[in-house]
Amino acid sequence: MNRKDGRAPDELRKVRITLDYIKHAEGSCLIEFGDTKVICTASIEEKVPPFLRGTGQGWITAEYSMLPRATAQRTVREAAKGKLTGRTQEIQRLIGRSLRSAVDLTFLGETTVWIDCDVIQADGGTRTASITGAFVALYRALQKVEKLNAIKSFVAAVSVGIVDGEFLLDLNYEEDSVAEVDMNIVMNDKNEFVEIQGTAEGKAFNRSELNRLLDLGEKGIKELIEIQRKTLGVEE
Amino acid sequence: MNRKDGRAPDELRKVRITLDYIKHAEGSCLIEFGDTKVICTASIEEKVPPFLRGTGQGWITAEYSMLPRATAQRTVREAAKGKLTGRTQEIQRLIGRSLRSAVDLTFLGETTVWIDCDVIQADGGTRTASITGAFVALYRALQKVEKLNAIKSFVAAVSVGIVDGEFLLDLNYEEDSVAEVDMNIVMNDKNEFVEIQGTAEGKAFNRSELNRLLDLGEKGIKELIEIQRKTLGVEE
Amino acid sequence: MNRKDGRAPDELRKVRITLDYIKHAEGSCLIEFGDTKVICTASIEEKVPPFLRGTGQGWITAEYSMLPRATAQRTVREAAKGKLTGRTQEIQRLIGRSLRSAVDLTFLGETTVWIDCDVIQADGGTRTASITGAFVALYRALQKVEKLNAIKSFVAAVSVGIVDGEFLLDLNYEEDSVAEVDMNIVMNDKNEFVEIQGTAEGKAFNRSELNRLLDLGEKGIKELIEIQRKTLGVEE
Amino acid sequence: MNRKDGRAPDELRKVRITLDYIKHAEGSCLIEFGDTKVICTASIEEKVPPFLRGTGQGWITAEYSMLPRATAQRTVREAAKGKLTGRTQEIQRLIGRSLRSAVDLTFLGETTVWIDCDVIQADGGTRTASITGAFVALYRALQKVEKLNAIKSFVAAVSVGIVDGEFLLDLNYEEDSVAEVDMNIVMNDKNEFVEIQGTAEGKAFNRSELNRLLDLGEKGIKELIEIQRKTLGVEE
Amino acid sequence: MNRKDGRAPDELRKVRITLDYIKHAEGSCLIEFGDTKVICTASIEEKVPPFLRGTGQGWITAEYSMLPRATAQRTVREAAKGKLTGRTQEIQRLIGRSLRSAVDLTFLGETTVWIDCDVIQADGGTRTASITGAFVALYRALQKVEKLNAIKSFVAAVSVGIVDGEFLLDLNYEEDSVAEVDMNIVMNDKNEFVEIQGTAEGKAFNRSELNRLLDLGEKGIKELIEIQRKTLGVEE
Amino acid sequence: MNRKDGRAPDELRKVRITLDYIKHAEGSCLIEFGDTKVICTASIEEKVPPFLRGTGQGWITAEYSMLPRATAQRTVREAAKGKLTGRTQEIQRLIGRSLRSAVDLTFLGETTVWIDCDVIQADGGTRTASITGAFVALYRALQKVEKLNAIKSFVAAVSVGIVDGEFLLDLNYEEDSVAEVDMNIVMNDKNEFVEIQGTAEGKAFNRSELNRLLDLGEKGIKELIEIQRKTLGVEE
């Protein structure tokens, strides 16, 4: 059975990565998962947070935001509200952890890489697109400052879920909003898990259902890492 | 191989639940996972958030906090800083989702249950102790207002992780701080998953390692639900 | 004498407007003044602020922001700081007033148009590009909800200034940062002023210098309004 | 005439102090004035606020909070509101001043003692219980770091008031909420006043009424200091 | 022994009240206690806080602030810091309680009186000058809206203290900053106490010392109420 | 045609400057433009913001506020709201820029001058009165610290506008609230512009209307600078 947008259940949306999208940033791209579009930048700062000073080790931290009209209904700016929502904080912590898992921080020296993921149009999967695009921006920035040796692995992320009993890869907004189970998977290029976050929205899931979701995720991640490689011109 | 505190790798810490710990609350308990101690209360409010008004459906929401000296080093109060940390928001969202999965909200009527989890002493696993204790407080409160029919299942949570290559159940703070993989698992009494949040802190993990962790988690959850039942005097 | 980027003193940078850039918004565009790029959206909300309730009159309000890495050095997010800078508030108030001057608010009915201007890349003139693009987004949104009769005039904005004694139109960042006098001019298609904001950064200016700056501004505005018209397919 | 809970007008509620209640803190106790229960901790930090740096003198500062469901109706968390109420600030300033009066700060060296009073169940008199318990925690912490020589005197606090014309010691919540006059008294073990805060809630009071209230307070303080001494094992 | 400024120990500073100082306010005055100068206004609003709606009863609330350069060293604005200090909140709560004690709120109808006390120059005693001046502004405002029947009594406030062993009335800043005991007394025109707030800054005080301070306070209050009466043209 | 208050169209309101109004400040005045009254102080601080440290150059920064009852309707305190309005920030930035234009900052040494403008009564033109009064306070403060050589020129500000087709100087609140065009002009004593901020409130304006407004402004500024000189005893 195919989906509303014609995809097979195990098919990613069309993924496009426009490299070097923002001229000022050390690394940047515009990543599109279908109608979800995120500007990812990586900025190099030659200092580290207090807890790392004097250790010779670097840090990677991430921020995430959505433009107010990235969504079908305009959302109020967090800057206007004066605080970040829990959702935003959760996502930016996830992006940061995922990228740090791909890097040997001791090779950075006392350098912070600031990752910014700004969603300009949202249609589901903004956090997985952000991680996938942020890795590209990070790679590009480290290339520029000649610290590619710090990269331990490629990292990408994708969502999977159960919708109406169907097991689907890379949910768009419409699918996501009715999913019974929703899972975000972050993996590296060695087919290992970096993060798994699965939530039973409507009904709990058993071990065999979990395994089918993980299979779908693995397939999607492999394809995404392939696209990252092509964009960056890096052979396996 | 046994652990520093003498437990077997698949052994929970000593769990104690003191029911009706706070006299004002509709439901409450003090839950202890070893030296981790959390006061959980459930408060009934006869109104719902705006998005539910007029639907006849209820809501469950959770807040989480730690006393400043619950930790080895005193932590600054979030009230003094004027904002919640990302960690706090992440945890309270997790507690809320976990409990809502156990309840048929349409049976609540237009009622909000406020769950408060306040950690008075921390030694690892504060979020899993919070979920496990919060369910007990919630059950007690619904019992008091005669809405036990809204309960669909029992829910409990436990952490698992890989420490020095060992697969461990219910990590204390010392173990947690050096874990290579850290996973929080929320399950119901049908052996189904409600939430899985696994993070590779130091090294990524493969599918077979994931499965060993899930096995450990299942075992722990079964024991915790058994303790919940005994505390509440509910037979299976 | 020509400028570093080869322009004549009275020459605009290359202006490009990509209409309907964001699919969710009632009206939107990406506007580029050279390397300055701003996403402008207009969102229709069927209610008005308290002070207008029951008057039958509508409102237009604007918000402005920059992505952290829109600038050469990464700037801290206002959402992270928890408050808007004075500069941001000044600009969003300017955008709002400028657009309201172009619209008969009584023709809107009790409708608010939210204008969002998000700078994704900055190279000087972000506020003038924002006003010029926001008018296009506003026009588009009113067209969509069939309220074009509320439009009284076209409105556009441009900067002028004195740099090293030279009178220049549409300053880029490098020029702006060393300008002795900096002026933002907002005008309508009847060659009338809507806003004039002139500041002596380094040295005060006399009446005849003011007049030369205003002449430059008039020229630039005429060209910008011509581009707006072409983009929207509206004949004079 | 006896009170609802059977006490004589000049009788304290049952006072219990559980020493060393929190394992991480240098000093701690759980203090109970009847159903009012407060966790008090004293934390030692080896630095002082800027205004004391280089003076060789220490500081004592206090924070106070209530768990949301310490009260009959759940109260909103100050961390969620993002600011402290005036009541909270007033109480924590009072606790801090009271404890500083009992200590010779020059004997502390450049050390700050952070006092945390967290009310887990409230039934009137939370600020007086906090002061009385905080002194015990402070004493214990100074004992641990071998600075007991800094203690100049014991300090305790109690409330007195006029309810329905009756002069009462140690008001519980029900009494407090209908008191015409409400007074908090902080005294040391030399029968001297450290703080007096008296408020005419319903009707103003004259000098002779004031004197009767002070007599009651003196009696209560003596008994409280006796309990502090026993708890700490300190003879007079 | 006389004081630095030549006053006897039991002598007030020169008190001046300029009635109707601010033209917009329903009631206002500039009150001066020597070099301490406070603008007090009373503003009438025809609505009450939520907890009083429908009760037919009114409310009086107070706000207090200091201009940044009211003090010898410029203090940072609370508006710039984004929050009120504990001191400010303590003072505005005290002013509010003091004035409410003088008024029968049921005679106000559902009206709120907003009291604003803004210190334009500070030299000690700003809170007592504020209360004394605020009562005048309040009286004036109730006169204007023809609700003088709500006034139950006059209210004024003064500070007393022990400085170098001397018992002093109405301390100026220099005296206050070295006082061993500092007490603020609020009384009505029946010689009754409305508030007593006494603090041992340096050494605790006994009952007989307290009584000498209260005697001084009574004397000062009588003189202040006499000045209030003359200013308002109200005979005893 | 004369105005409601009897002034000719090109006539200032009665301007009064009371020098040295606040005893603590290095420089201060109370400035009155008719019923608009502003306390202006200049405070000297012997340090500079981070971006100037080590440059040997000074800084001038300004803050602006209104007492709550400076206005016909009481306005909520910004300190109570916890943030500055856009209007306030815009005004304080304008005051700061205007004063810095009059001073050679390199002659200040690493000194910051804090300008505070607090409106105690408002009747239109609060920002122009603030700038005009702030210059006097600044002059006075620099005189006190013997840095008058840093003053490059006198600076004053005035508003002009079009009301009912009439061109008016120095609008009061009633005129300002119905003005079609509203312009604030800041000029120095060489008849040069420092700032021009013109806004079409109701209808846009052409070049010849602009010129008539600028003529009016020039006339007003000359008179204001004359008054500043007399107040300070400085001959031209």
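Letters are used for the chains, namely A, B, C, D, E and F, taken in the order the chains are written, and counting of residues starts over at 1 for each.
Everything that follows uses one rule, which is that a contact is a pair of C-beta atoms (placed from the backbone, for glycine too) under 8 Å apart; a residue touches a chain by one contact, two chains touch by 3 or more.
Predicted, not measured: the structure shown is a model, and the values here were computed from it.
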Reference chain E; chain at largest CA-centroid distance: A
When chain B is superposed on chain C by its C-alpha atoms, the rotation angle in degrees, nearest 5: 120
Chain copies touching (chain B, chain D) - same or different residues, decided at half shared: same
Centroid-based (C-alpha) most distant chain relative to chain C: D
Distance between chain centroids, defined by C-alpha means - chain A, chain C (Å): 33
Whole-Å separation of chain centres (CA-atom averages), chain A against chain D: 51
Whole-Å gap between the CA centroids of chain B and chain F: 59
Centre-to-centre distance between chain F and chain C (centres being mean Cα positions), rounded to whole Å: 27
Multi-partner residues of chain C (at least 2 other chains): 82-84
Chain order, ring traversed from chain D with chain E following: D, E, F, C, A, B
Chain F partner contacts - residues on chain E that touch it in the complex: 22-25, 28, 35, 39, 41, 43, 45, 63, 65, 67-72, 74, 77-80, 82-84, 88, 114, 116, 118, 120-121
Residue ranges of chain D touching chain E (in the complex, touch as defined): 83-87, 89-90, 92-93, 97, 101, 153, 183, 187-188, 190-200, 204-207, 210, 214
